Amino acid sequence: MGILSILVFLPFVLAVIVLLTPNSKAHLYKWICAIGTGLHLVLTAVMTYMYYQSYAVDRLAAKTSLHTKLYLVEQWSWFKAYDIEYFIGVDGMSVAMMILTSIIIFTGVLASWNLEHRTKEFLAFLLVLVTGVFGVFVSFDLFLFFVFYEVAVLPMYLLIGVWGTGKKEYSAMKLTLMLMAGSALLLAGILAIYTEGGSFNLLELGHHKFPMEMQNWVYPFLFLGFGVLGALFPFHTWSPDGHASAPTAVSMLHAGVLMKLGGYGILRVAMYLFPEGAIQWGMTFLVLATINVVYGSFAAVKQKDLKYFTAYSSVSHCGFIIFGLATLNFVAIKGAVIQMFSHGIMTGLFFSLIGMVYGRTKTRDIPSMGGLMKVMPWLGVSFYIGGLASLGLPSLSGFVAESHIFVGGFMGNPWTSKLTMQALTALATMSIVVTAVYVLRGLAQVFQGEITNPKFELLTDATVTEKLVTGILIFTLFFVGIFPSLMIDLIEGSIWPFVNRF
Amino acid sequence: MYNIETLFIYLLSIVSVLSAVLVVTQRRIIRSVSALMMVLLVTAGMYVILNAEFLTGVQVLVYIGGIVILIIFAIMLTGAGKTNDDEVDTHKKLLAFAVSFLFLLCSTYAIVNTPIKTVDTGANSSVRALGLKLLDYSGTGHVLAFEVISLLLLAVLIGAIVVARKTEEAKNA
Amino acid sequence: MNTYGFFLTNIWLILLIPLLSFIIVGLFIGPKNKKLAGIFATTSIFVCAALAYGATFEYLSLFPLGAEHPVIVPWSVQWMPYLENLTATLGIMVDPLSLLLMMIITTVSSMVHLYSIGYMHGDPGYSRFFTVLNLFTLSMLGLVVAPNILQMFVFWELVGASSFFLIGFYYTKASAVAASKKAFIVTRFADLGFLLGILILSYEAYHLFSLEAFAHLSSYNAFDFNFLNHPEVINALSTADGALLTFALVLLFIGAAGKSAMFPLHIWLPDAMEGPTPVSALIHAATMVVAGVYLVGRLFPLFGSSEVALNVVTYVGAFTCVFAAVIACTQNDIKRVLAFSTLSQLGYMMLSLGVASPLHKLGYLASNFHLMTHAFFKALLFLGAGSIIHAVHSNDIWQMGGLRKKLPVTHITFLMATIAIAGIPPFSGFYSKDEILAAALVNNPIVFIIGLFVAALTAFYMFRIYFLSFCGEAKSDGAKQAKESSISMLIPLIFLSVLSVVSGWFPFEKFFLSEALVHNTPSWLPIVASGSGLLGVLLAYLFYFKKTTYANSVKNGFGPLHTVIQNKFYIDAVYLFVVHKIIFRFIAAPIAWIDRHIVDATMDKTAYVTKESGLVLKKIQTGNIHTYTMMFLLGGLVLFLLLLGVGF
Amino acid sequence: MLSIIQEPGLTYWLLLSTVLFSIGLYGFFTRTNAIGILISVELMLNAAAISFVSFNNFAVTGDLDGQIMTMFIIAVAAAEVVIGMAIFIQIFSKQRHLNVTKMNELSR
């Protein structure tokens, strides 16, 4: 029972404990989860340290290797007939994603501190969802990957449907159906891979040479399947509605982590197994991603509801992830992975703050709020830091990711013409101006100026738990922003194999 | 050229077809049942020609004696005899006629075109042979079917009583 | 031979101290004790000033005045490793240009800190003000000492962000909020150009590493200035793809133009006056706006390699110079006048950089000399204006008057600064402006004439303020009971006034350049330059001091043109129109609408279609036995016919 | 084709049973009374029995499967009628009518 299995199933055990505690001790639920996820964070740190120890020895070898090298591996056979194994391990990229998820679930639990409506089931579902996410990031057997992928997606329906606000049933239904459609494409792809490659084990499949005509149709299947979750352009409409009606912790977890599953999946499965397919389809998805970026930021300008505002901004930032991946360039892919981490933290911060503001003003309508800075300075300042991070101010993690993607985008890859690649990157870079416009417009309307609604005079500033939540997230933003070389060193080793395979 | 037997066959066929048509077209259910009785009788006759004498007996005794009588009882009980069947609208009739005629065409086509090897020695349909065949458990026999049928009839016996029993609320209504 | 003394070895303190004081004041001292916050912040900046001066003396001791002044990078650490030869380092680069800028920034910033202890007294956001001011000084220093272009971009953005917070300091005032938003978005737009420029430049430079001719330079990174300004690299780049290099340089210049508020992107500077006056003094006079000039100065060898880029710099600079000076003459708010005068002086610096070229560096020398002198007297002008506003409680120059006796110290210092900016000989303004005009005369006569004309205009509008505010009788009760500001506000005024006089005599040329420069400026030039300045003063004297009707007659003479100029040629309105009407209504709204009604609707429609088809199919289950059997039979027959048709 | 009619062999009898079956089919579709439908079904069963017997008579040498099958048909028909009538009586006691087209809900 290695550390990875503990990390994956600890949330599940917590969920069971919470479910078993009697209703009389209702106040205990929050504490169990808080301490549990806190412990989880510590364990993730231990895991990272263990990873670093074993990775240090072959840091140089990674540069030229053609295959991902796994650490802390656990492998047991599960269904012998179809040689499906419980095969989990971790490489640089997965460690980064595990840290992100652990931080987000810890702050998510803290952010839903004053939730009254059936907290027991809420926390249980939340933890089950996060178990699925952890599972995806460590599993290297396609079947296991898909099982965890489904476990991560399914609880969303209940979490939004029961605890949501606004037209929650509609959004929950839409979200789940679209994600299911996506995972249907995925299943088709995985089965095609299995029949062709002969096994579910990702590393073995890596050695298998897939025929070109098969790659040509399976790669777009997988890309679109994962793209639906990663808010790729035409399939992104579930995310604004889904986030607008989801409760705080759920939209934190969803926008922060679940949408990163899309990008992670594209890289880990689609691009790893089908390099020629990636080259073949490179340009079309690059154009789609550019639309995603520009479209998302422009749509965010006109949003009136805070959550839609953030949802569209995260559509645009997720577009950056897919853009980074679609350029098939080492620096850009590394940027995409950093963007997954940094955007996860950023959206987590944003949605937790929106939850706190909504908890006080009971409205998310931007025009009707104003001058809140005087009343809640801590929340105001953290909102501004989140805003500046999202528009890519240096010394915050947003800049690290975006500068990588732009530099990588400019360097392009040997298969596409330099001009088109640079033109598309220039277009994507333009979105940093539009992001600045809508972030500042939105925040200025909500926080600056005179207090419009007299009721807001007597609102209170952040409580201890809220300060803890925002504090952790902002510290991470600054830490990655000021010391990017640590994050880059962690991720770089695992990116080289992907690029060398092209 | 026509021997007495074929003539007789023609006669039986015409009568059976005509009464069949009667069964189907009569509005009054009583008339339709009696036409059915006529068809069954004629069929019994046919069995004789087809060297299945025992079957004629079974047919007359069980089929006409039992089943048709039962139907008549049911008609009496439900008072269906007195009232006329309400008319089915004509386009439904036309549709029904068309479908059944289409069925007729298809099956005649199938029958005419499939060459079946016929043997003209005729079967020795003695009752003794029939009984042996029925209970023969060597593998080509029908003992299993025989047992199942007896079970079925028993179940039907009990079932019919249970179903037809007057329910409580019907009693005290 | 890195026998650096104390100051140069731990030069990195100059960045660490403001960072630490920013964190300490911001998080710990600020909320608790306002007074201590102010003092702590100011002392930390004074320490930085000491460090800067120490480093300069140490540098000069290593490389005496006349001799070679090499570029040294005493401290640098790896910050962001993109790729093997493409790593952004965080470091400090020391050479005359960066030392000069370090001295200017720390001096002006410490004076402004000292001044704002008095000026901001009693303001609720007192400690917040000092925190962000410290952050600004940190980012400005970081920008100036950057050894590579990416670190410069990083601190460039931080400068933009801190100016956003400082302009929007009075965040309850709607106009301040709008102004801070406008400033940040316009500079952000310019930074987009800057970033694209960096990307193109670093892309081209990075590809040079693959050539074996540059094997000996492989220790550098594609971002480093030493690498980009390296003569071999420059001619490799210009020969490889001259047009692309010019395009990259023009993009970089757009970034510089945004920050230094050159013509098309100048709209945010006049509105930035919404911020507290010390902010205007520090940011919008001395340091931030100069960052653009510093960028062009730092990449001067590269700019020199493409004619087109230099021409763009010259003509944009010259046009802004004239344009701003003309508007300045018509403004009524004292801070707006000073803002436009800053715009015009920045135009001067840009045009002087434009006319220079790697061969005759006079323009390059003159622009940085003017940069230094302008920093001191413009900061003094703003601080003086601040103490006037503090006393009179209004910005409008028509409500001031007769303050000569009431604010003696402010009056003298303000007068000295006005004389300096007007370019009257003994003061510093004359020396630097004279050198610019000399450089312009040699290379570009048209620009020389423009420079001369603007010199007169500058003198005119500066003395216009001087006469209206200090001479004549008080025009409003506010002006009547005006009383001198507190001592902590006056010391910086005095110190800066001394500096604005002395800085002219500083042996700039020997300090700044390695080899002596051949001077062939004609003898008549200084006379003509100071003459135009005096002409401007005379005109202002006639118009405003003698209470003659000339002022109004000239105004009516211009008629409608005057109002147009007063409203800054309605360029703000054009920008507003473009942003709100075009971008918001014709791009953002349709996209939001499309997303809601087309992309989203298709998803809903597919759901609707499945529902509808369900309803249609429902009709078959009628519950009627006839239909069921009919279906059953028809199915069989159809199958039969099909098989028949297929012929088994 | 006329030969089929001249000396009636297997084909003749099969055609006869098909005609009877189609007539029963027609009756099945046009009847609205439940018992009427049952009667048509009886007719169809009878037609099937005829074809069995004719097969047994013409196409089989010394085997009686056909006839036994007819006996089973008769037994099954009996069972069916018994249950059918029991149900109809029950329905009639509740709804006072046996019109099939009105009976399209499981519970009243």
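Note that the chains take the letters A, B, C and D in the order they are written out, and that residue 1 is the start of every chain.
FYI, a residue touches a chain if its C-beta (ideal position, glycine included) is under 8 Å from a C-beta of that chain, and two chains touch if they have at least 3 such contacts.
In this text the structure is predicted, and so the values were computed from the model without any measurement.
Looking at A-C and B-C side by side, the one with more C-beta contacts is A-C. Nearest to the global CA centroid, when each chain is reduced to the mean of its CA atoms, is chain A.
Between the Cα centres of chain A and chain C there is a gap of 36 Å. The mean-CA centres of chain B and chain C are about 105 angstrom from one another, to the nearest whole unit. Taking each chain's centre as the average of its CA atoms, chain C and chain D sit 100 Å apart.
Centres computed as Cα averages put chain A at a distance of 73 Å from chain B. With touch defined as above, residues shared between interfaces to two or more other chains in chain D number as follows: 25, 29. Under the contact definition stated at the top, not a single residue of chain A touches 2 or more other chains. For chain B, residues that reach two or more other chains under the stated contact definition are 92, 95-96, 99, 103.
Working note: touching chain pairs come out as A-C, B-C, B-D, C-D. In the complex of the two chains, the chain C residues touching chain B come out as 626, 630, 633-634, 637, 640-641, 644. Interface residues of chain D, counted against chain C in their complex, comprise 25, 28-29, 37, 100-101, 104-105. Put simply, chain B touches chain D in their complex at residues 1, 6, 9-10, 13, 16-17, 20-21, 23-24, 29, 32-33, 36, 39-40, 43, 46-47, 50-52, 54-55, 58-59, 62-63, 66-67, 70-71, 73-75, 77-80, 85-86, 88, 92-93, 95-97, 99-101, 103-104, 107-108, 111-112, 116-125, 129-130, 133-134, 142, 145, 149, 152-153, 156-157, 159-161, 163-164, 166-167, 170.
Contacts from chain C toward chain A in the complex involve residues 78-83, 86, 150, 153-155, 157-158, 161, 164, 168, 171-172, 174, 177, 181, 184-185, 188-189, 192, 195-196, 199-200, 202-203, 206, 579, 584, 587-589, 591-592, 595, 599-600, 602-604, 607.
Here chain D touches chain B in the complex through residues 1, 4, 6-16, 18-27, 29-33, 35-36, 38-40, 42-43, 46, 49-50, 53-54, 56-65, 67-68, 70-72, 74-79, 81-90, 92-94, 98-99, going by the rule given at the top.
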